[in-house]
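Both of the next two complexes hold chain A, though its partner changes from chain B to chain C.
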Partner chain A sequence: MSKLAESLNKIQTLEELSDGITVLHRIHPMAKMITTIFFLVVVISFDRYQISGLVPFFIYPILMMAIGEIPYKSVLSRLVIALPFSFFAGLSNPILDRQTAFLLAGLPISWGLLSFFSILLKTVLTVMAVLIMVATTPMDQLARQLVRLRIPKVFVMQLMLTVRYLTIIIAEASSMMNAYHLRSVKQKGIDLNHVGTFMGQLLLRSYSRAERVYLAMKCRGFNGEYHFAQAHAVRKSDILYCIGLCTGFFIFRWCNLSMIIGRLLGQ
Partner chain B sequence: MHMADALITPAVGGVMLAVSAGAIGYSAKKVKEELDDRKVPLMGVMGAFVFAGQMINFTIPATGSSGHIGGGILLAALLGPHAAFLVISAVLLIQALFFADGGLLALGCNIFNMGFFACYVVYPLIYKAIINKNFSAKRITAASVSSVVIGLQLGAFAVVLETLISGITELPFGSFVLLMQPIHLAIGLGEGIATAAVLSFVLKSNPMLLDGYQAQEVTVKMQSRKVVVILLAAAVIIGGFVSLFASGNPDGLEWSMEGVAGTAELESDSAAHNAAASLQQIFSFLPDYGFKGGSEENAAAGTSVSGIVGGGITLGLAGLTGYLITKTKKKKVKCQS
Partner chain C sequence: MIRIRNIGFCYPDGNRALNDISIDIEKGSNVAVVGANGAGKSTLLALLVGLHTLLEGQIEIDGKAVRKDSLDEIRKMVGFVFQNPDDQLFMARVYDDIVFGPRNFGYSAEKITEMADTALEIMKIGHLKDRAPHKLSGGEKRNVAIAAVLAMNPEVLLLDEPSSYLDPKSRRNFILAMERLPHTKIIATHDLDLVLDLCDRVIVMSQGKVIADGEPFKLFFDEDLMERSGLELPLSLQTRK
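Showing the complex of A and B:
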């Protein structure tokens, strides 16, 4: 499957997921946004050698994935993109920092190895948290909250339009790619000599589509304002969700649950 | 070069988010000032275009590797820096949300590294300086390759700084820089060449899409206006010269020569205004000049005026004939089809 078709697939899956009707989907988008941001901040605020403190944080994504009916396949496909960069940025740590931190069943574990795994854990956690938010909240509702947060409307409007036209332009590019590959057998990408015409052609097509879109919008009374879907009013359950989870993250941040359980078992 | 959340501390992420939010506020204000609601769907579709474009890989000959177009400079060259900055920020946010390509807290870093440098540093200082309102395939190629390369170098350097300040990696500054910069030099060359190819194509097929081309369009118009001015001046000179020669008074000739030289040298933006102004000068000044002297001069001026008027009528007739010919030709084509 080509990269284009693959991402088209991803976007569509995500849109279908965010259309679901689970309890998590019904939580107010603002509550989910605040919770997610808080989770991210707490997770990355751990020092670089921390592992045991991070592990309990998996409770949140694992529970939410189950409640929100989010398949694990989508986590994996996102990790494929997010992990390599973290992996290579962290790879130098076990090589450069070889001082032994402790012995694990006789095997010396270096500080570098600890910080390397810490980076990987943080990556997985943050990727999962963002996924949970976007897989249970439709994009236009997120956009509406951005406007409420005083993010400039021009920006949010253009964000929404990009999302709207993403699938269309990708589909267009995909069919152009197909046509190109049918005429150039066994070639991987596009020949450098053809990039200008190929991409330029796509650009002109996009441009004339923008013209048509504009005219169509104008016909329907567009006057520079974009109307966003209203979210339902904030309910008690939303506030409870937000405060409850954030308090939980806060407690997990200061009390190392892994250590506590470990000690209990040790005794 | 999309940074993940795991590579930064909340402090670095927060500061960069604030900086990028400020930049978004600024560019949104700028875009609103110049908005043209036609630009709204255009920005959306262009965001989608860059998104799709970055997924289309091309093969770099003899290396076996592949690259894709760069976003920031291409968008800035098409939409202008402010709109481009908004578009690239939106694209980065969507990449973070939909594909986990870059983190949400690291979004500020990513917008700064890939959007701010491209739109607000490299585009005005390098791209525009090289183009210098003179759009040609050569200049566009030079401008886009150098600005994409420099933009990526700045961005890569910022990644190094942001990661090191966060204290996540053990890599010392020197080797981290030595690792990042050459890789991004290679990537930048690839992206730059692709961007140049796309922009050159646009220049050939629809140059009006390029940011700043409007200004050049005026100079092009000016050039055709210049031709008209020169032709007019020539008619004035010839008409005036012949009649003045008959009357033996060279003053008028010298004067109109100066006027022509004055219009022919104009090249700046305001050239059109200047040309119009000097034309106005010619036409309003002439009767004044011609009729203020004594009776002998008066007669000379009278003949040169008749030469000018005659020249004007001839030109007008020629223009009208040309117009009629093209019109009948068009009609014929219509009838045939």
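Showing the complex of A and C:
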């Protein structure tokens, strides 16, 4: 299988996970969305030097992955894609902010290093929370909730169609790559002289494919407005899920559990 | 039921695809449109469902003219099954693809479920409804594409090269499924054996014109016609010759 085909498979596995039947999958999409947004806001609201306060928040993704029967590998492998961005964004912190914050086993830990790890932790937590939401909620249900949250329909439809067309463009690129490699045996990548033609062809082929998909949609009554699936009615359990978790995040935010546990163990 | 009068069509690049075509098709009939590549078969089907704007002539389906302002009604009546099912199936789940049409036409949730269940039952693909379309075999994809169109409850089915992508067994199952359907069917195809199995009338096209119209058994034995239209006698008839 080519690397592109593997990527295509990866994109689709997360979407396929959302068809599960666990308790977490059955929670109303709006409850999951509000909880996730609240989680993101709470995590981001921590001071840039805070690490101990962030650690207890790992309970949420770990617990959710277990309840939602989401394979850890599928979330962690996607996390690896996001981490380099924050790694390089925070890399200058330990260099510029060298003042020692405290000593750990005799080693000086600078404020810059703390803020660097804080950025990494926040990235891991926020990306995991979003991936868990996506892995337990079908895409069109998420889109519908975005519309209900007053996000303009045109943006939501763009998001939906981008997700759909992404698979189409990758599939086109994958078959072009296969055809190219079969006729250029000793070559590893695409020859620099052919990159322009390859990309141009990919654009034209994707455009023509997208046009056929669009025509097929029009034949089935599509007139520019995407009709999303109705989610089930909000139940008590959905409200309890949302309030319970948000309260938990709130408590974690204002009571530093790591410190409390550390003090208790110290006593 | 379908009345086509003197239609012509020219693509924006200047390629003239259809010339003065007039055809009448009765309700419930199974009509094949055959011809070599570029004869205008797919263009004719696309015009019937308003995918291209008609430049010359007139098409009426059940008394309704195919025009820009009547396209919603026409597309409710006429279901188009594309040549490549991958062009048609783009949702994450088979069921979502099946209900895509009924949702667009604004039916109630109960009605949509009923329409989808009926379509799944007709094509006998209930077991596939939670599968991802891209992971299905060619035959399964074809059946899902047809079910997605049947879910809209159309009166007319347009099928563009329906036997492409099918292995012999899937092809046989497709023919059996089509025989069960009471709809008016117009099938654009190169598969003349399929025509013999399914259709009671065949329209032969060449270079954008209708050059013959009649019963398949009569027309397929006409060597001169077959030669002119770039076709060959179906395999099943070659031994009888």
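Operating definition for what follows: the second predicted complex is superposed on the first by the 257 of 267 C-alpha atoms of A that agree within 3 Å, B and C clash if a C-alpha of one lies under 4 Å from a C-alpha of the other, contacts with A are read in each partner's own complex, and residues count from 1 in each chain.
In this section, a contact is a pair of C-beta atoms (placed from the backbone, for glycine too) under 8 Å apart; a residue touches a chain by one contact, two chains touch by 3 or more.
Keep in mind that what you see is a predicted model, and the values were worked out from it rather than measured.
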| item | value |
| --- | --- |
| Which of chain B and chain C A:49 touches, first, second, both or neither | neither |
| Contacts of A:85 with chain B and chain C, given as first, second, both or neither | first |
| Touching partner for A:19 - first (chain B), second (chain C), both, neither | second |
| First (chain B), second (chain C), both or neither touched by A:204 | first |
| Touching partner for A:168 - first (chain B), second (chain C), both, neither | both |
| Which of chain B and chain C A:138 touches, first, second, both or neither | second |
| Chain B versus chain C as contact partner of A:221, first or second or both or neither | second |
| Larger contact residue set on chain A - chain B or chain C | B |
| Partner chain in contact with A:123 - chain B first, chain C second, else both or neither | first |
| Partner chain(s) touched by A:213 [first = chain B, second = chain C, both, neither] | both |
| Footprint overlap on chain A, where chain B in one structure and chain C in the other make contact | 139, 164, 168, 209, 213, 217, 222-223 |
| List of chain A residues in touch with chain B within their complex | 3-4, 7, 10-11, 14, 36-37, 40-41, 43-45, 48, 78-79, 81-82, 85-86, 89-90, 92-93, 95-97, 112, 115, 119-120, 122-123, 126-127, 130-131, 133-134, 139, 142, 151-155, 157-166, 168-170, 172-173, 177, 187-192, 194-204, 206-207, 209-211, 213-214, 217, 222-224, 226 |
| For the chain A and chain C complex, residues of the former touching the latter | 12, 15-16, 19, 138-140, 164, 167-168, 171, 209, 212-213, 215-223, 227, 229-230 |
| Touching residues (chain side chain C, partner chain A) in the complex | 46, 49, 51, 72, 75-76, 79-80, 82, 84, 87-88, 90-93, 96, 99-101, 103-106, 109, 130, 132, 134, 148-149, 152 |
| Residues of chain B defined as touching chain A within the complex | 2-10, 13, 21, 24-25, 28-29, 31-32, 35, 37-38, 40-49, 51-53, 55-61, 66, 69, 78, 86-87, 89-91, 93-94, 96-101, 103-105, 163, 167-171, 193-194, 196-198, 200-202, 205-206, 209 |
